[in-house]
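Please read through the structure below; I'll follow up with questions.
Lettered A, B, C, D and E in written order, each chain numbered from 1.
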Amino acid sequence: MTALPEGRPEGRLDEPRAPATGGLGLRTRRAATNLFPPLLSAVIGLGLWEGLVRWFAVPSYVLPPPSQVVLELVGEWQYLLTELGWTVLAAAIGVAIAISLGILAGAAIALSPTVDRMLTSWLVVIHAIPKVVIAPLFLIWFGFGVQSEVFFVVTFTFFPVVVATITGLKSADPDVLQLVRSMGATRQQVLRKIMFPSALPIILSGVKLSVSLAPVGAVIGEFVASNQGLGHLLIRAVGDMDTALAFAAVTLFSVFGVLLWRAAEYVEGRLLPWHPSQRGDFKPGQK
Amino acid sequence: AAAGSPARAEATKVRVVLDWAWLPYHSPFLIAQDKGYYKDAGLDVTIEQGRGSANTAVLVSQGQFDIGHLNITNAAQMIGKGGPMTVVGIYQHKSGASFVGIKGKVALDGPKSLIGPKIGSTPGGSDALSIKIFTKVSGLKASDLDIVSLDANAKTAALLSGKIDVVSGDAPAYTSYVKATGQEPVALILSDYGLPLVGFGFGVNNDFLAKHPDAVKKFLAATKKGFQDAAADPAKACAFMAETVHLSGEQSRCVNYFNALLALSTPPSDPTWGKQSAEEWQKLTDTLREVGLLESDKPASTYYSNEFVPQ
Amino acid sequence: MTEPDRDHSPTASPAPSRPGTTIELERVTKVYGAGALAVQALSPISVTLAPGQAVSVVGPSGCGKSTLMRLIAGLEAPSSGTIRVGGRPVAGPLEDLGIVFQRDLLLDWRDVLGNVLLPAEIKGLAPAAARRRAAGLLAELGVERFAGHYPWQLSGGMRQRVAIARALLPSPTLMFLDEPFSALDAMTRDQMNVLLQQVQSAEHVTTLLITHSILEAVFVADRVLVMSGRPGTLLDDIAVDFPRPRRLSLRETPEFSAIVRRIREQFVRTGDLVG
Amino acid sequence: MTALPEGRPEGRLDEPRAPATGGLGLRTRRAATNLFPPLLSAVIGLGLWEGLVRWFAVPSYVLPPPSQVVLELVGEWQYLLTELGWTVLAAAIGVAIAISLGILAGAAIALSPTVDRMLTSWLVVIHAIPKVVIAPLFLIWFGFGVQSEVFFVVTFTFFPVVVATITGLKSADPDVLQLVRSMGATRQQVLRKIMFPSALPIILSGVKLSVSLAPVGAVIGEFVASNQGLGHLLIRAVGDMDTALAFAAVTLFSVFGVLLWRAAEYVEGRLLPWHPSQRGDFKPGQK
Amino acid sequence: MTEPDRDHSPTASPAPSRPGTTIELERVTKVYGAGALAVQALSPISVTLAPGQAVSVVGPSGCGKSTLMRLIAGLEAPSSGTIRVGGRPVAGPLEDLGIVFQRDLLLDWRDVLGNVLLPAEIKGLAPAAARRRAAGLLAELGVERFAGHYPWQLSGGMRQRVAIARALLPSPTLMFLDEPFSALDAMTRDQMNVLLQQVQSAEHVTTLLITHSILEAVFVADRVLVMSGRPGTLLDDIAVDFPRPRRLSLRETPEFSAIVRRIREQFVRTGDLVG
């Protein structure tokens, strides 16, 4: 009775569940079950925040209570949304480029030890370099516009995809590779038809990481080298001790980040109907 | 030039970069732009916010921008490294470098009072420089001071929350922030104790200067008009700024900030506004050289020019 | 391998004779999925297996044999009907069950010995005794030389034998085997049949053997269940009363052949392949 | 002949190789083959950098040529190494905590949809929040010194481990899970004996990412508030417009990052002798 | 399935009779690994397979049958000796080869139809024709109802049939099958034997069949190779000259039984299980 991790597909014996025949009533109950925990968690989190701030009389320039943040959100929604737009734009373009580049680089590294030895170190360096140092270079090359932000997002988010792609491609079943080689598959076909799809669950975990990093990447790009976007708003708000505005921006930004994350999870589910993690209705049976 | 005389097509493009994102003391540029002072002078001015005077210096030297509004120490360092830039005007002859604390919590009445309190300072850059020079000038040793390194963004919060007792930094900024919390600031302005640093001025890319000397002149003159308008009614300047580029905090904080800076500067109504002296340049370059932040031994006269200062 | 004296084999000796468990199925059905892809795997099946009985299940591919096994093992819930083991409704994985699935399901990250010791670790058996028993089982199954190899370094039949050793390790009172010998050559398979038959009769292990070999089904079992094509249901239920221990030569007897023929006829009567 | 991706284990027919009988000569040649590409790549990269800087006469306050950086490294090696030591310490402690927490959180999320719905969003927020905004908070909560730096590293690096752990655990073979459940495994045992080891290759890809992020995390932590470490040195150098020193620090830092990466790869190899990606000497055969 | 008129089946009709390929092995050996874990899988084997011939390989579990197949298929290099196909040394995966491995190796991320169409995509066959042929093969193999299911939704035997359909799809001139019917019940297996035998003789496909069923080995093949225990080598090489097409009733004839007996005796003579 204790052997089963929670959250396995339905129909397992050791999960006490309503019979699988449930009609509308069940569905409503399930929707409630799905919505309740995140709401509860949000309420608890925000309540704790408000309570602690009030209890310890934390001054609002250190940490504003959520109530004040909400007021700020309402009062400045136009400014906030405009700047968020820039950030979203840069994040979207950047992460799209990063994912494509990351998959290409990861594939090249996974398939060729020579490329691995020649390229990986440079990628690690690009990934790990503290970006402030090269900020003046960014400014000179790209100026204060969206380009430098995009470039920033790319350098910020490509690496998880690279690493996941390498791990994923290298995990392909060697016997299956032999099989398709015996079908006369070209190297490209092996990659496209076997290695890539079998690696997809792992690659997508890298993509999810990248996607969740993209907005911060854009914001940091805006800190360093851009005169629009939430990052620029933040650098001004923080410099001006406008903590409430800063937290309003961060809140907006967090909601955006969580939505992005859930969207990525949704896409993942759609792309991997066959994967054990996605076998919702069907039960993991014997192969 | 009379209104409408220069044809639109002939307007000289001038790309200006500030030292930082919009702050109260930038209102003169917005006013000049808004009132058409630049346009009337036959200039097509675009103003970009900056990311610190060091970056501003690089951007102007590299020709990404024509004119920069920046801290003159950074300009001097850049020129010393061979950056093709010339300082064409200084209006803040007294640096805002200072130690700021909260009244009742610390007393800042002379160099000796700095021994004891915990001082937050940003490593490198203007803070570290002013501490370095100040300890030299005042006869203190750096090891006498209890300095903690802090990111510029963390300094104010650290001071206001009591994590540190004193910040090292720009007096107009920190005193106005302390006031805005309903407390009284205390400040030790380093230039009062012989710190030979200066504050804000203008640097121009040398190519641009050679090609468009007149434009530089006109730009400074028009900007001076903006300063005059702003200084005449700081409250109005602040209100205007809050409307156009969004400004945080109460208007009083903005006014305090701007007034404190004006107090360290030549009044814009003064005919010598912008003018530089050989002496201040000599002292500045000598001092920088002494603390190892300037390697060049170019003569002080090569750093600046007064030719473009509005008469 | 000539047939050795099994009474001294590590498998047969240590465990005392234990009471078996009654297994009762009442109108059990199973439907997988929903909508256009829905598949009815089992039509109502009712059957009772006596304690200590060895039961073989035969039936066409895809008729629901593996499904039936997973249902009884408590790994899946039936769509309708009830399953009782030892009188109580099945509400989770059966205890004290040794199981061999149709795929060998060896753990890639453990070597052969590590795989065989898995149930001992899980059940908290004494490590030293477990290792001794594991070594004995591996020897008996002819893979002792590969104790330190990883699964990917084994042949298909060797993998299957390791999976069998793993299931036998804790000397379970219940044993469910889903085509455990499908990757073995005829000779090895015969030996395994003898081995299984001996373990079963010596230890009164209630055994459920799914197999595609009718000979094997009859040789090992007290009872053979013949299933129809999908949705699988019981076509026939044949008692096999030969005394134990049995020898391979039993298969040459006319009585044996009669049962085999009876099962074959059931198959042929059902006609076509299930589509 | 084209079907085979490079870098597969030896003995494959379509890779033209020296016969596997090779003695010392072969081994030396192989060592040379392994060392040559990274050296070549380093030489090309640095040469390009030096060449471009000289060709375009990029002033050294924008981007110093490698030759100058090397001089700086040699001249300041003691200072640089001392500061690096602090950074390494904070990075090591931080990433160790992050990996432990990340695996725990990932396991909790993978195993329980309720925890997923309640916790994941907050983790995304913590991960995605621009750290400058909360830097003052860090300071106020943790004070100065290594603690806040370590905390920084933790918030910076835990998420890749979380995501990889979730993906890894959810990829466990459902049939194998059924098998061990039928052995009477407790939930804990299922996790420890099956889900975790089978997820390990994926988890380690997350760990590699985290490890490669840890030094930047420490440096950024040192930017915010620290009297030592490479981050402190960098802020100073950047503030003083000492570009050569800044790049010397970054170079040292990059080398450290690459070594860390390769070390993580080595550990990965040792932990996964059974994984297809590690089957060096043996060939992937039929199972 | 009653035996249908195979001449009109999609498998037998479209492909013209093609020339087969000679396969020559000369003192081929294979050693896996090194040091303490080293395993000699094959002792020197020399044998020549004629074009269009159907050859069965039988031998004890772990004796190197699968290894032999992978060597000939050009998927691995022998440790010594040479393999020539069509006169040229094997230097990579053989072309025009349909292969079924011991594990079914279905792609988890493709449904049944997608799996069967894989070789068509790889070889760039006309999609419409390939789909038609796939549908025909799936029907013939009794899994057409599951074209849209994913592999994990299939039973073991169904998976294996899908793997066979995939190998047959491009109508290869060479066919290597490693225990392709091990998960099928006796009846289905018989039908598959008939089908395979017909495809082979109609299209002169050079066939290598590894099997554990001696009956199957003899029924399908022109020639049976009997291997010894590990390290595997050739024990016997038996010609099977029954005319084609063959019917299942052939297995009841005394000539057939004689060959089966001869192979059995080889096995028994080799004695013990390989350890």
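The definition used in the following text is that contacts are C-beta pairs under 8 Å (C-beta built on N, C-alpha and C of every residue); 3 or more make two chains touch, one makes a residue touch a chain.
In this text the structure is predicted, and so the values were computed from the model without any measurement.
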For subunit B and subunit D, chains touching each: A
Top chain pair, ranked by how many C-beta pairs fall in contact: A-D
Maximum centroid distance from subunit C, chain identifier (CA atoms): B
Farthest-lying chain, centroid of Cα atoms versus that of subunit E: B
Inter-chain centre distance, subunit A versus subunit D - centres from mean C-alpha coordinates, in Å: 18
Distance between the centres, which are taken as Cα means, of subunit B and subunit A, whole angstrom: 41
Centroid distance [mean C-alpha coordinates] between subunit C and subunit B, Å: 86
Whole-Å separation of chain centres (CA-atom averages), subunit A against subunit C: 46
Multi-partner residues of subunit C (at least 2 other chains): 32-33, 66, 70, 74-75, 93, 101-103, 152-156, 178
Shared-contact residues (touching 2 or more other chains) in subunit D: 3-4, 62, 132, 136-137, 140, 173-175, 178, 180-181, 184-185, 189, 223, 235, 238, 275, 279, 282-287
Touching two or more other chains - residues of subunit B: 54, 58, 62, 153, 156-157, 161
Subunit C contact footprint on subunit E (complex, rising order): 1-2, 32-33, 36-37, 39, 58-62, 65-66, 102-103, 139, 142-145, 148-149, 153-158, 161, 178-179, 182-189, 191, 212-214, 264, 267-268, 271-275
Residue ranges of subunit D in contact with subunit C within the complex: 173, 175-176, 178-185, 189, 193-194, 197-198, 200, 272-275, 279, 282, 284-287
Subunit D residues touching subunit B - in the complex, by the definition given at the top: 59-62, 132, 135-137, 139-140, 143-144, 223-227, 232, 235-241
List of subunit C residues in touch with subunit D within their complex: 70, 73-75, 93-97, 99, 101, 103, 105, 107-110, 118-119, 121-123, 150-156, 159, 170
Residues of subunit B that touch subunit D when the two form their complex: 54, 57-58, 61-62, 74, 77-78, 81-83, 122-129, 147-151, 153-154, 156-158, 161, 163, 293
